Amino acid sequence: MNSFGRLFRMTIYGESHGTGVGLVLDGCPAGLPLKVEDFEMDIERRKGGIQKGTTPRQESDIPIFKTGIFNDRTTGAPITIYFENNNTRSGDYEKLRAIPRPGHADFVAHEKFGGYEDYRGGGHFSGRLTVALVAAGVIAKKLLMLVDTDMHAEIKEIAGMTDLDAGLQKAIDAKDSVGGIIECRVQNLPASLGEPFFDSVESLISHAVFSIPAVRAIEFGTGFAAAGMFGSEHNDAIADKTGRTITNHAGGVVGGISNGNELVFRIAIKPTSSTPKEQETFNRETGVREIFSVKGRHDLCIALRVPVVLEAVTALVLADLLLLEQKIPRVLKDREDDNQ
Amino acid sequence: MNSFGRLFRMTIYGESHGTGVGLVLDGCPAGLPLKVEDFEMDIERRKGGIQKGTTPRQESDIPIFKTGIFNDRTTGAPITIYFENNNTRSGDYEKLRAIPRPGHADFVAHEKFGGYEDYRGGGHFSGRLTVALVAAGVIAKKLLMLVDTDMHAEIKEIAGMTDLDAGLQKAIDAKDSVGGIIECRVQNLPASLGEPFFDSVESLISHAVFSIPAVRAIEFGTGFAAAGMFGSEHNDAIADKTGRTITNHAGGVVGGISNGNELVFRIAIKPTSSTPKEQETFNRETGVREIFSVKGRHDLCIALRVPVVLEAVTALVLADLLLLEQKIPRVLKDREDDNQ
Amino acid sequence: MNSFGRLFRMTIYGESHGTGVGLVLDGCPAGLPLKVEDFEMDIERRKGGIQKGTTPRQESDIPIFKTGIFNDRTTGAPITIYFENNNTRSGDYEKLRAIPRPGHADFVAHEKFGGYEDYRGGGHFSGRLTVALVAAGVIAKKLLMLVDTDMHAEIKEIAGMTDLDAGLQKAIDAKDSVGGIIECRVQNLPASLGEPFFDSVESLISHAVFSIPAVRAIEFGTGFAAAGMFGSEHNDAIADKTGRTITNHAGGVVGGISNGNELVFRIAIKPTSSTPKEQETFNRETGVREIFSVKGRHDLCIALRVPVVLEAVTALVLADLLLLEQKIPRVLKDREDDNQ
Amino acid sequence: MNSFGRLFRMTIYGESHGTGVGLVLDGCPAGLPLKVEDFEMDIERRKGGIQKGTTPRQESDIPIFKTGIFNDRTTGAPITIYFENNNTRSGDYEKLRAIPRPGHADFVAHEKFGGYEDYRGGGHFSGRLTVALVAAGVIAKKLLMLVDTDMHAEIKEIAGMTDLDAGLQKAIDAKDSVGGIIECRVQNLPASLGEPFFDSVESLISHAVFSIPAVRAIEFGTGFAAAGMFGSEHNDAIADKTGRTITNHAGGVVGGISNGNELVFRIAIKPTSSTPKEQETFNRETGVREIFSVKGRHDLCIALRVPVVLEAVTALVLADLLLLEQKIPRVLKDREDDNQ
């Protein structure tokens, strides 16, 4: 339910306005060097409040290592990392309880959990939990580096515009939230990862990616455009015995299996549900529809914060597959990995 | 690996040119009426050879019930259904072994399984296994009917054209394979299915959908287009206490949870890798690149056969979620369900 | 539910008096040589009808390879093996339906599956399904041989007597069924298998072992006797850097992890529920208690058939753990393993 | 690895001498009342330092609710409970690192995790983690109460003696650790729980029970003694339509399924490995065998602390099975459960 992965398995927990959020990561090989500083850059990338269009809420977001790390290395036991919530203003939310916000999980959470859910700031449904995904991703990416696999996700469009500043300005001018397109590329991924059917690389990555709030679509390689191509155009000719292809319409996955070429996929992020605009919704208590507007601290373009989260969940999938294919050992024997 | 589902769990097996393909379905409630005739329509929908653009290969595809069915009802024990392969011509494929076909799994299968794979007609990677998915889907759809949930998938575009006949003619004229877009709609799906993060409805459906060969993309609700919308446009206003929304940009899923509105998503099918056109690939034995063309029986537009497979995997996910939420019982008590 | 194993995962299906029983084995490394003859010895060991005290029912029990095997080797795809039921006489059972036999699953099967269960000869609850366990065990034992791990289970007591012939004679004289004690020993098992808590070697083996019908108890090393020993007696002194111990009270597992010494455990098999003696039970239809006796073909001492099943489920667990610890590769590269 | 359960799933983490230990419990129904005081009694039962024969180490062991609880009720989101370690004296252990203690996990932990393991006080292998099991058990037992299922485990033998005080005195007199036998009885358990093979009630309970450190054996009903009985003796005659049996040799489980009678099983606890007696082991650094004795704080009879842990893991299994069989709802609708 709140876990993912077969051999490299993470569990996330926590609420937006509770004491904090965190993760347990089980199955990480023993001997991986790990320090608080390793998390700084990615946690910083995820934070709001720096770029125009992101929320002014600021969490210090220092990862607190609880278990599974000893003498600055992973021990092979479950790793627990916790992030305290310091900067919550529940008052913003409590008064809205009778009014399920459109586009948010308020209505479905109430239906699913019978009114027992922690409704403050989205509770367990909050994007706040992505900090736990990012933390797990930092560890996963360190594992990928053991086989020289590297990745990078970046935003390609904001509000339908490839000129990102213009897209963001469009949101600011309209005083409305906007969405975006993010692309992820993974270099030097070994071939042979994934399975023909249910555990295809695309199946696993899309499963993980749709865990990220606000994702509405994913396409691999040429994606939707492939539906309009001829087979002779789309097929990637194999160039040599390494499996390198002349083109890469497949985006690095054929028959569900990585083929050694660059893994490429794109996702769509919807505009943030919380917009400063007035909106209509249904009031549970009064039984009538009413106009309301969100006053809390919110991002105009949540997509700006997603690339590092996308890398994280992708790295989780790939680290798991590398362990399944025995391309990463269960214990890191070589002390020279200290330098990574 | 070749299994999917938590409570309603299927395992598929078989090869294109082996003795047959089949499935084990574990966790199906006891007491569901099930006859061979229940499978006819969906198996027929999946077959090639009827429409222009599909393969002349014809399998009789009669489901052979091996276990788990007694007196025309499910017993609660694992259901095994087997399909014999009658119509295989391995000779078409064996001579091609040194030449991994572009766009096919030949290369990655060889890499992953060290040359031990059954390479005839794609072996275990073959689209032939989708008949097992369809069979499981028939059972899953019968379960959905218990809560009056219905679904329909249909092809919306061929070769980039919404005029399907024109799209297909384009393939025939060009003597090349083409792709297509398929949309799936599910009516009357209960709210509360799915989980906030890793087991969101989108996560589970996309996981299942990318098990279908040739799928390259998926989008829920407005999908990629959402990335270009304003929040005030995209948010679906809640109309009443049932959670019905005025618009349905979300496509029936909010915060990972079904919200009771119509579930809507679209997928992209790439053009079939097997095209009559000459293509270039790398010959493993000679070590040089060469021109080849596929002579076997193949579809010009595999997308024509996909809608029923898409329904099937969607139904698998939803039946599992309905069991998880206890909206379908473990034993069907009421004998009056005979009429379904 | 009917599956077991994480990386090396089997699913069993079938009924005593249906068309047959079988298994799907997923995750077996590619390249393992496998022929029908490999199964003969173990299937013969499991059969009744040879020793005094076992049932005269005779199945030919020839494993039918359906999928996952090509050119006499595993391909890496799911392996399906099927056993036809040829020798069933359902009439023996149908008349007993109203009378749940004491000690059998008749009553609970009816409760659990609402009367929809296949009640003929125990249906899916039948010991007949252990032939599928044995078949999977043959494959698992071949994997264990790759790391020179060998095992042997044998019966140590029948009807409370270590003189086995005397124990069996006791059953024949009393015209009553009897139980027995079986011991399993595994030599040359690598250290480091298992996990400290939920996936301890004992947890996994006992989980698998209690899948065998009629097992009532299991003990590792000195087992129940350990409860009466002093710590200084029970502790096994470590002799050298290999971890070899002077004594082996632990039975090869410490802290849930294999320690490289011989793995030793014993199980108790209850007397077969089907005894020729008259017994009392409750008649569902008449609502009164009545006397009945079982007329079918049954074993006086089912324990005689269990050692090979015990080896099989133990081998399944150990093969899975060896894959998890990467002590067996996913693809068997060396063609010289032909000789095994 | 460190998780257990299908729908009601717990993950444990932590080390003996780290910052603390804890659990994540996922899948608990929403709406269950839960307060810190609910845990007091069971945590107290688990503690050492009260009875003769238990360790003087005292942890305050106050459960710290981190997530998943809101307004004194479960929310349906993952529950995280943490226990700080306050009372650790690592110095006791560090000097022993070169000397793997006989009967402890020191040797296997080093082998398995390559020397990266937290070796202080057994690290992740410590019995300290059973406090997390007990906490999860408190919640599971509250769920069992919803269907009026109750349980009790108690020690039946110490050091081979049914006179417990005499058994304990034997340990004190000998200045050596001793083991014991514990019995668990569950009343009013619904029938129909469990599966015929791999997920039999015995399989699942034994899996969970062997997670408890120092358990060496388990038997259900008459257990090992059943191996010496006749079938006509062992079979439990069914008395009426509820499935009540005249005797209960089966211990409440037939064919792997609960039959509605009392569930009864016994386990053997070995003598604590840490004994005040001098012992011999192998010194990794010097490469020679040497005499040593354990100086830390330890129990003479760890079995005294096990009954509540045994109840906890049993309750975890049963709560999971009750959810699987839909005998407990996913959301507790009735507010009147406040009184439990």
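Per-chain residue numbering starts at 1, and chain names A, B, C and D are given in the order in which the chains are listed.
We adopt the following convention: a contact is a pair of C-beta atoms (placed from the backbone, for glycine too) under 8 Å apart; a residue touches a chain by one contact, two chains touch by 3 or more.
All of these numbers come straight from a predicted model, not from anything done at the bench.
Of the two chain pairs shown, A-C and A-D, the one joined by more C-beta contacts is A-D. Farthest from chain A, judged by the mean position of CA atoms in each chain, is C.
With each centre defined as the average position of its C-alpha atoms, the distance from chain C to chain D rounds to 26 Å. Note on chain placement: the centre of chain A and the centre of chain D lie 36 Å apart, centres being C-alpha means. The centroid of the Cα atoms in chain A and the matching centroid in chain C are 44 Å apart. Residue positions 1-3, 12, 77, 112, 124, 196 of chain D are each in touch with at least two other chains. On chain A, the positions that touch chain B within their shared complex are 1-4, 12, 100, 102-105, 107-109, 111-112, 122, 124-125, 129, 157, 159-160, 171, 174, 176-181, 191-192, 195-200, 202-204, 206-211, 213, 215-241, 243, 245, 249-251, 254-260, 268-275, 277, 279-282, 284, 287, 289, 303.
Put simply, chain A touches chain C in their complex at residues 6-7, 77, 196, 324-326, 329-330.
Those residues of chain A that touch chain D in the shared complex are 1-3, 9, 11-15, 18-22, 24, 26-27, 30-31, 66-68, 70-71, 73-80, 82, 112-114, 116-118, 123-124, 331-333.
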